[in-house]
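One chain, chain A, links the two complexes that follow: it is found with chain B in the first and with chain C in the second.
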Partner chain A sequence: MSKATHSPARSIAAHAVLLTYTLIALFPVFVIVINSFKSRKAIFSSPLGLPGPETFSLIGYETVMKRGDFPLYFQNSLIVTVVSLFFVLLFGAMAAFALSEYRFKGNTLMGLYLALGIMIPIRLGTVAILQIMVASGLVNTLTALILVYTAQALPLSIFILSEFMRTVSDDLKNAGRIDGLSEYKIFFTLVLPLVRPAMATVAVFTMIPIWNDLWFPLIIAPSEATKTVTLGAQMFIGQFQTDWNGVLSALALAIVPVLVLYLIFSRQLIRGITSGAVK
Partner chain B sequence: MAIGATDRKPVRWHIGVFLLPAALVYSAIMIIPLAATLYQAFFSKSWSFVGLQNFETLFTDPRLSASFWNALRNNTWFFIIHMLVQNPIGILLAALLSNPRLRLRGFYRTVFFVPTILSFVIVGFVWKLILSPTWGVSQGMLKSAGLGWLFQPWLGKEEYALTALSLISVWQFIGIPMMLIYAALLSIPDEVIEAAECDGITGWSQFWKIQLPLVLPAIGICSVLTFVGNFNAFDLVYAAQGAAAGPNYSTDLLGTLLYRTFFGYQLQLGDRAMGSTIAAVMFLIILTGVCIYLFLVQTRLRRYQF
Partner chain C sequence: MGSLQLRSVRKSFGATEVLHDIDLDVADGEFVIFVGPSGCGKSTLLRIIAGLEDSSGGEVLIDGQKVDNVPPAKRGIAMVFQTYALYPHLTVKDNMALGLRQAKTPTEEIETRVAAASNMLSLDDYLKRRPAQLSGGQRQRVAIGRAIVREPKLFLFDEPLSNLDAALRVNTRLEIARLHRELKATMIYVTHDQVEAMTLADKIVVMNAGRIEQIGSPMELYNNPANLFVAGFIGSPQMNFLPAEALGFAGAKTIGVRPEHLNLSPEKGDWKGKVVHVEHLGADTNIYVETEKADTITVRTFGEVHQAPDSVLFVSADPKHVYRFDEAGKVIR
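Let's look at the complex of A and B:
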């Protein structure tokens, strides 16, 4: 880089802009979390103050625990996300392997067909999805959500995974074939372990929209027993609009797990987005 | 090439086995329902074929068409705000981050992406609370900066609500364009930059003349992703303003209109046929956008790529 690009004034200006945006990005989260630990009076009298010994209160969290079944919602979200993720990764990797490894009639066509879903949102088929779920008795089950999310995430994951699978060396696979391994063994024992980083990237990409989705839980699984955290929080907040402590605590509870997961996986996620560039 | 791909000719069952589960789930839950929904747009509530009549009703019926055109107009404005605000900020942040000498890069990258991982419900309510005149957080902050007169209950006023909501959505999703453009900036070969410097092109003019044209494909991808996301948006409006997309439908988007029409809302009964019709229109809009990108924009941008 040239000398011109790292003069102190420039770098201070850059940091000033970046810090300003850091504040903009984090401020709302910060305000919610600190206020969820305050008494009702303090929430209104000093919304930006940190909770001190006088203003500290857990009343909001008590309301949430008493009134909303958040452990259950959390469990539902976890089941839906993890099971969908499992199927997306398994089915996605299998299809990606077939498309990238073998030459057969209709390969390109199949690839294009599966890629359609990257651009066309599954939501537009909601009317018929609901009809199918009603007809098969899957309405208000987690299975319905898992099916929808698996279908929703497959196109992009197949696309990403097949790009990666093309980079696995042919020699390795052929050596396996000479040793008499079946195609299935080659896939599961040779190829899958090698594309693990790509699988992790796909997992993070897939996880976030599933965990955060509101549309499908609202439409095909709104019952009390199958509510996800996102829908549960939405309903709870809608019901307790005027209970500021409760609302703020529910929001804080919804933020924290995602935030923790993100901090664990952020490297993976960012590397995934920027892969192709940072080699 | 793979052994067995050419010589011996037993049926290669394994290809089918590998493809089947994905193709089955994808076809049954995505493609068939999508096709079935489009198909139903040509039928009335009582399942008689009505041709394009549903579309005609949607476009001209006094009550329904008013909501439809309103939602379409709002959706377009929603998209315009995204393009005008999100791309420049995304480019600016990415350009600053792509300087390899910058300290704390990892920290900034991580932080800027935080809003994107939060759910719409959180984002919608958080901003609703912060902008709420009852709580007065934003009011208090503006006052302390001497800008108290600037405060308005933005989400509660018809003339500002949609713009405010669009900006909230930009706040939420800025991480994605930023990352994609950042990745594109990093992929520019050093030789290109060095060549520019040899020619005396540095600083801002280097950015405008060299880097920006080279990241145009990334900006194109961001734009089409934004387009698809925006014309399919629902959650944020639902979380912040409810299904009625208040005040007075001023934040109604095609997604919320589809929801209300299909499921019914308050006194209005759900209408499957009309719901399918709106979904079909959304499908056409998104398809048109994607095609314009694929056939007009992308083919022209390709010549800049390495």
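Let's look at the complex of A and C:
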């Protein structure tokens, strides 16, 4: 970082912009969290007010604990997100390595085919996916969700990761080959650590849509045993009456695990950038 | 212990052929340098010898054994790369030991070999460091150490000095020359720098556009270049090439004279011209003379020589050192 180019005025301006952005980004989260600690009346009378001695209430959290099996929903969401993430990173990185490292017939074609999914939303195939899941008996299982989410996230992650893998020094991989490392060892011990920042980026991009998804849980795994948090929170939203305390508390709780995962990956991301590759 | 034969080795990337029928014999203990301009296929050839790249035809023999289907780790070679290519997550010691560990060498044996190599390269103080904590020259020494501990039949170097600054380059060059003397190992070294080639090699292989132009000792190439390319590539400043006909040489297309084989005289000589530029290098002075009959000629004089630009001079060539080249660029002997 060059300090000389940072005049105080510019640095104040930059901070002002960033702070404004942070405030805007955090505002909805803030509103959800404060309202989840208020009584129903207070939510409607002053939606932006902080919970005070009169308005403070844990009724929403009590509802969440009483109705439905939220610990189970959390567990489902976590399993689906973490396992999908694992497969996306593993298969995405392996495919990206193959595409960027090996010359074989149809390499470019294969790359294009794998990237096609970026442009076509997977939801267009919902009916076909449902039919496949019914036929293979996977409806109402977490496996179904994991398969769908892995497929959904692979194209973009292969695309991003293969670009990064091309930047890993050929000499380093060749040095490994001469020292007798297998291609798997080269991939796992030499290449993966060097593309860790890219992996963290892909992880964050992949994780959030999976955690937030309502569509596929609703369609292919709506049973009580496989409900995810987002689906579970829907039961407080009725056609005629909505239990806002319940909804807000469920959502406030749902933020926590994503936040934890995000913190883990962003630390990886920063460490990856600062450690740097040795030329 | 380490000889190498290449038998009409070819390589194509898609439709472009980058190596055409390369034949080469390297005897045990020789220091051979591939030299040629960038993109002429030196690295590709070295990678084929190492087994990192498949050839499109021909054979590679190490110690008389065909190795075309042998993986790099089993060929008995070690390679030093331009970019050092150290493993960033391992310490200096582990960097050097990794290959031996992969080959299941006993631990005591690894210890002694690493200790010997680090002693030879003065790396003892750095064994516990990571590559990121070393300077460029130290990193390259670690890379050389990693090659030494493997005790290979064949050392392969791909432009190992290109990323170093000038002073370090000379030091490391001396170090490599010393290693070659001490280890008596066969070394194959790639560079685009003819000075490195001249100073290190027992045998130079001059390459151009995927072909071997000439093979010989440094002085053979300097004294008896086979063609225009070699004559122009070896020697600095470059050999002067002059149109033969204009200068009255029969039976040749081009004549060549090295700048150091030309004499200047104010009164008489072969070719009249005027000075256009003078370069003082300390020990030498290069004088550029625009002649009436030919183009600009470079004359290398020794010591400090003063010539004013635009002064008129006569340049004459020592007939013993005039090379004649035919239409195809081949030397006429």
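In this section, the second predicted complex is superposed on the first by the 203 of 279 C-alpha atoms of A that agree within 3 Å, B and C clash if a C-alpha of one lies under 4 Å from a C-alpha of the other, contacts with A are read in each partner's own complex, and residues count from 1 in each chain.
Keep in mind that, in the parts below, a residue touches a chain if its C-beta (ideal position, glycine included) is under 8 Å from a C-beta of that chain, and two chains touch if they have at least 3 such contacts.
Keep in mind the model is a prediction, meaning the values are calculated, not measured.
By the touch definition at the top of the document, which applies to A:Phe97: first (chain B), second (chain C), both, or neither?
A:Phe97 sits against chain B, while chain C stays out of touch.
Could you figure out whether chain B or chain C reaches more residues of chain A?
Of chain B and chain C, more residues of chain A lie in contact with B.
For A:Ala135, select first, second, both or neither according to whether it touches chain B, chain C, the two together, or no partner.
Neither partner.
Have a look at where A:Ile120 lands relative to chain B and chain C in the superposition and call it first, second, both or neither.
It touches chain B, and chain C stays clear.
Under the stated touch criterion, which partner chain does A:Ser266 make contact with: chain B (first), chain C (second), both, or neither?
first
Figure out whether A:Leu109 sits in contact with chain B (first) or chain C (second), or with both, or with neither.
After superposition on chain A, A:Leu109 lies in contact with neither partner.
Just to be sure I read the superposition right, which of the two partners does A:Leu181 touch: chain B = first, chain C = second, or both, or neither?
Only chain C is touched by A:Leu181; chain B is not.
What is the contact status of A:Asp171 with respect to chain B (first) and chain C (second): first, second, both, or neither?
Once the two structures are laid over each other on A, A:Asp171 reaches chain C alone.
Just which bits of chain A does chain B share with chain C as contact spots?
Common to the two interfaces on chain A: residues 174, 177, 275-278.
Going by the contact rule at the top, pick out the chain A residues touching chain B in the complex.
1-2, 4-6, 11, 14-15, 17-18, 21-22, 24-26, 28-29, 31-32, 43-44, 47-48, 87, 90-92, 94-95, 97-99, 101-104, 110, 113-114, 116-117, 119-129, 131-132, 147-148, 150-152, 154-155, 158, 170, 173-174, 177, 182-184, 187, 208, 211-215, 218-219, 230, 233-234, 237-238, 244, 247-248, 251, 254-255, 258-259, 262-263, 266, 269-270, 273-278
Applying the document's contact rule, which stretches of chain C touch chain A when the two form their complex?
Chain C reaches chain A through residues 47, 50, 52, 71-74, 77-79, 81-89, 98-99, 102-103, 130-132, 139, 146, 150, 158, 163.
Which residues, counting only chain A, touch chain C once they are in their complex?
Residue list for chain A touching chain C: 169, 171-172, 174-181, 189-190, 193-194, 275-279.
Could you please specify the touching residues of chain B with respect to chain A in the complex?
Checking each residue of chain B against chain A gives 1-5, 12, 14-15, 17-19, 21-23, 25-26, 28-37, 40, 89, 92-93, 96-97, 99-102, 104, 108-123, 125-127, 129-130, 135-137, 140-141, 171, 176, 179-180, 182-184, 186-187, 193, 197, 202-203, 224, 228, 232, 234-235, 238-239, 242, 255, 258-259, 262-263, 272, 275-276, 279-280, 282-283, 286-287, 290.
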